[in-house]
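Quick heads-up: structures coming right below.
Two complexes follow with chain A in common, the first pairing it with chain B and the second with chain C.
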Partner chain A sequence: MGRIAPEIVLTLLSMVVLTWDLVTKGRDSRQVGYLSLAGLAIVGYLLIDQWNGLRNAGISAEPTPVFAMMTIDTFGIFFKLFTVGSLAAVMLFVLSDKRERKHGVGEYYFLLLGAGIGIFFMVSTSNLLLLMLGLELLSLASYSLSGFHKSEKRSAEASLKYVIFGGLSAGIMLYGISLLYGLTGTIDLIEMGTGDGTSWPVGLAAQFAYNPAPVAIAIVLIFAGFAYKVSVVPFHFWTPDVYEGAPTPVTTFLAVASKAAGFAVLLRFVGLLFMAEGVDATVAAYGDRIGMLLAIMAAITMTLGNLSALRQASMKRMLAYSSIAHAGYVLMGLAVMTPEGFSAAMYYLGAYYLMNLGAFGFLLYFEGVTGSEEIDSLKGMGWKAPLVSIAMVAFLVSLTGLPPTVGFVGKYLLFVQGIEAGYGWLVIIAALNSVVSLFYYFRIAKALFLSEPAERSVAPQPILTGFLAILAVGTILFGIYTAPLQSWADSGTASLELVNSAK
Partner chain B sequence: MGLEAYVAVSAGLFALGIIAIIVRRNVLYVLMGIEMILNAANINFVAFSHFQGDSLDGRMFAIFTIILAAAEAAVALAIVLNVFHLYDSIKPSDADLLRE
Partner chain C sequence: MAEFPLLSWITFIPLIGMALLLLVPKNNKTAIKAVSLVATAIPLVLATWLYFGLFDKTTADLQWKERVDWIPLMKIQYFIGIDGLSLSLVWLTTLLLFLAVPLSFSISKTPKAFFALLLLLEVGILGVFVSQDYFLFYVFWEIMLLPMYFLIGIWGGPRREYAAIKFFLYTLAGSVLMLVAVIALRIDTGSFSIPYMMDLAGQGLLTGANLPGGGELLGMEFGTWIFWFLFVGFAIKVPVFPFHTWLPDAHVQAPTSISVILAGILLKLGGYGMIRACFPLVPETFRENCSVLAILGVISIVYGAYVALGQTDFKRMVAYSSVSHMGYVLLGFAALTEWGYYGAATQMFNHGTSSAVMFMVVGVIYDRAHHRDLNGFGGIAQVMPRYWAMTTLCFFAAMGLPGLAGFISEALTLYGAFIADDPTFKIYVFISMMGLVLTAAFLLYAIQRVFLGDLNEKYKDYKDMSGREIFCQAPLLFLCVLLGVFPYLLLDWMEPSVVQLVEFLATQG
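Right after this comes the complex of A and B.
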């Protein structure tokens, strides 16, 4: 039982939060926020404890599944800690956002915690049923959250678009899973990858020989569900609208936690099916073709994201397209189909956490000041709120991928893996994309500092300022001392026990 | 009746669901289309579970899918109701404040 203690605590916390809000009739929602943050601290402590225990035991200690369904490994804990960190940041955003006070915000924390529970289960299972349930729990909470401002037309529209796209892609994914189940006779990814052809469950290898087309259809249908979650072309249509219409803290959650969770399940799915130990050589060879498919999706995604971001006047919409572009970069790490590539993708997600949380925190800060999301409204603000603006410049440098920031190291690792796996063309496209992204990221820095100082006075927001300063320091510090984040990503990947598919 | 018949029905249901989502302009039909896709998956799960290996995983999956569909319909209808209050319409094309 101790091994799923974080999940148990998080579930209890969400119920306490909901009851507390009901009992106090939402009189002081800030208390609910502090309670949630305290609970998340406990969950985080339990996770770090598990992480250290697993790392000390070494990779050789085989993680036995809990209830034959959940695998508690360092890979899952990496993403659970990521989620706890994102949830805490989003809650800080809600607490420091004055405009959120007028909406009943008690349920805000409950829905966020509910989405967190969904992520916890989906990142720690190789069982497609539990994966689907976790994914849907995350989705259902996200639909409600994006429509949280019930009286605002834009928020309502965002949730409508999200629920239609989300429901459709979940349905398509479920149909793909049903086909895969029919072909292999199991819903466990490990059994699918390693099963032999003599008895049920037969494993993918035998089916590749007899039914290549249905297997391909099933896998492509399942990818549709993942691609929607991480907003990769051609399932990205919802992203700009939902990100723009949803309340900014929710947008932050969708862009950071929800996207990373999608990548976590995608990494595990691809890894266990095509790269696990004991996988048949024909399946591993098929994996290379999947890698090519992912590489093409990555190239289109980053190009479309960056080119669309160029023409946005709204900073929120620009960050939405920028998050599509970054999904393309992370996908590069998957496309190479090596454990090292996966590790680079996880490193980049860690970098993405720091810099994107920072960028959205900055957006929230200035929404509170100017009430606008337009980049033009930032003109000259750099002189009025210097600390936040300098932090933002650090995030922008990192998002572009320039040294000495964590974003640079992340891109460097991805590019190295791409070249080693023979995806030179993809690396060239990614490098060109980084140059393009410089233009639109720089527009914000230019508006902040290269204009006449603004007239408007800026009320101090100490909590948010402090948080952004910490993120900025992290962005630069992890860019100089790369070892810690790299070793975390490496031990996460190591627990998947992947082998390098022969080239 | 063989497995092929069940798979054919479910494939047809899946295609109809997709068509309903693409062709119909009304949100309620879109939601019905999604339900059809989920039920297509359910037919697959139960049929495969019976014909192949006879494992209970598929039947279990189908039961959970039914619950998922109910939960999703509840959230989706609440959202549609809210959009109807604000826009006086349930056509997605009428809610178009968010665009380029």
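Right after this comes the complex of A and C.
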């Protein structure tokens, strides 16, 4: 039971938060926020403890599944820590956003924690049923969160759009899962990959030999579900509208935690099915085709995301498109179908965490000042709030992928893996894409500093400023001293026990 | 041998200066200027000491090497060192950055931010010149872009926003392609060390054999695409025709001191990058493409001069003259003779001094007249005789008048190209001679329009150059004369490195 202590604590915490909020209704809801943060700290501590324990034991210590369903491994813990970190940041955003106080903010924390529980389950299972349940829990919480400003039209619209898109793609994905189950006789990814067709469950190997078409259809349908979650083209249409309509802290959660969780399950799905140790050779041989499919999706996603971002006047929409483009970069790491590529993708997600939290935090800061999301409203603000604005320049540099920032190292690692795997064309597309992205990212820097100082005065927001400064320092520090994040990503990948498929 | 890390100090003292500058209150302008002056003066003193005292000019080996692991997981090292190719440019950098500080004293809009960015820029430039690890080289190469963007974008002319982002986009487009090539080289050789890559290339082992598909990319052979990706990255910086279109905008919009640094040093980074980190890695492909490079060089020479002749904006004219003058550098490289390389290397230095003064000259008249229309002046010589004298001297140096520095480098370049093995180079030399005539034409035409003729009444109260303005120009003009008479002050230091490089490029791989 100790191995799922973080999940238990998180669930209890969400219950306590809900009750507490009911009991103290009408009073200052910030207490609920502080309570949630304290609870998250405990969860974080438990996770780090587990992480260290697993790392010291080495991968030789085979993790036995809890309830024959949940695998507690470093890969899952990497993403759980990621989630806890994102949740804490989002709660900090809610706490420091004065405008959120009028919205009966107590449920905010409950819903966020609920989404967190969903992520915890989906990232630590190889069982497609539990994965689906976790995904749905996350989705349900996200739907309500994005419509949190009930009285605002665009928030309600965002929520509805999200529900419709989400419901549809969940259905598609579930259909794919049911096909796979029917074909292989199991809902466990490891059994699907390793089954050699001579005994029950038959696994994918036999089906690839006799029924390649249905298998391909099933896998593509499941990919569609994941692609929706991480907003990969052509399943990205909901992203700009939902990101724009949702309250900014929720947008941050969707762009950072929810997207990373989507990538976590995608990595595990692709890894266990096609690259894990013991996977049947027939199945592994299909890895190359899957890789090519992912590479094409990556190229289209990053290009379309960046080109669409060019024309946005609203910073929030621009960041939405930029997050689509970044999903394309991360996909590069998957497309190469090597453990090193997966590790690079995880590193990039770490980088993405720092720089995107920073960018959204900056957005929140200036929404509070100007009440607008337009890039033009930032004109000359750099001279009024220099610390935040300089931090933002660091995030922009990192998002573009210029040294000496964590975003550059992330891109560099992805490019290395891309070239080593023979995806030179994809690397060139990605490289040229960063030139395109420079143009729109630096529209923000231009508005901040290249215009005459603004008339408006800026009220200090010390908590948010401090948080952004820390993120900016992290963005640059991890770009110079890369070892920690790299070793975390490597340990995470190691627990999947992937091997290089024969090239 | 545990040597004193002199190069690191030279490179990072401006960064320390920048940190100190951030602590100074923004209204204390005297302290801001003082800190900036000291932070640029110390590297200059150290570099001078290095040039005349510590540097061993009898060897082509890297000197003052420092090598420690930086990111061991990726085998990236902090590996710096200096040889005859980079020494003179390091010194020029420290000199021009030092002169840029007093030149910018008149900046009124947040001088603190200006000088902080200027110091950061110096770190980036010096870092590129001393890096021997390609990753480090690339990091410094990119670090330069950000301060340059803001320096042009915040303190520039009316179209500064356009010019700043254009500069940034062009350079980044070149450098991302460079990054792809660098990664491929790293995977193939297993190291980022540029000397090590050169060694392998010399033995013909840098062939992309360790890459999937033998290193082919988009249907191009390994050597071919590596060469062109790197070359384009550097050529944009030089800038070589047809990659030069960012330059007139950036130069014209930038404030005077930034134009000086742009023309004086940033363009040299492109040329330096080619001989340090492009040609020696793929010598065979380089030899195959010499004619193409020479033709690009000749086009730059003639086209740049011709366009300069047609300009009415003083600063734009000077900007195009840079395109023309940097064309000689490329022609000299392509000739693949020792004389060509001496010529190109000295041309980089001499253009660094003469073009810097030319931009200062434009700055002097712009500060007074607040316009740069060549046709709007006239007779300035009557009210500003000192200004006239210094401008004429500088223009003559740029024109390549014997006895001045420009003559030496252009003559060496053309001679080097003339004796190249490939007979078609004689035609290139002949065409370049026309560029020389055009250069003389646009410079003399400019002098005539600005200084001679009847004095415009508007300008009769203009004061001659101030002490500060003379202080900024005099050292550079002195160098133009000195190196015209005693060119060995440059040549002796670079000789072993140039000899070794040319032999390597001509025979290895």
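Simple rule for what comes next: the second predicted complex is superposed on the first by the 502 of 503 C-alpha atoms of A that agree within 3 Å, B and C clash if a C-alpha of one lies under 4 Å from a C-alpha of the other, contacts with A are read in each partner's own complex, and residues count from 1 in each chain.
Everything that follows uses one rule, which is that contacts are C-beta pairs under 8 Å (C-beta built on N, C-alpha and C of every residue); 3 or more make two chains touch, one makes a residue touch a chain.
Keep in mind that what you see is a predicted model, and the values were worked out from it rather than measured.
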Partner chain(s) touched by A:449 [first = chain B, second = chain C, both, neither]: second
First (chain B), second (chain C), both or neither touched by A:156: first
Which of chain B and chain C A:143 touches, first, second, both or neither: first
Touching partner for A:383 - first (chain B), second (chain C), both, neither: second
Partner chain in contact with A:177 - chain B first, chain C second, else both or neither: first
Chain C contact footprint on chain A (complex, rising order): 383, 393, 397, 400, 402-404, 408, 412, 415-416, 419-422, 424-425, 427-428, 431-432, 434-435, 438-439, 442, 445-446, 449-450, 482-483, 486-487, 503
Residue ranges of chain C touching chain A (in the complex, touch as defined): 71-74, 110, 138-139, 142-143, 145-146, 149-150, 153-154, 160-161, 164-165, 168-169, 172-173, 176-177, 179-180, 183-184, 186-187, 211-213, 217-218
Residue numbers on chain A that touch chain B, as the complex places them: 128-129, 132-133, 136, 140, 143-144, 147, 150-151, 153-154, 156-161, 163-164, 167-168, 170-172, 174-175, 177-179, 181-182, 185-187, 200-201, 240-241, 244-245
Interface residues, chain B side, partner chain A - complex: 7, 10, 14, 17, 21, 27, 30-31, 33-34, 37-38, 40-42, 44-45, 47-49, 52-55, 57-58, 60-61, 64-65, 68, 71-72, 75-76, 78-80, 82-83, 86-87, 92, 95-99
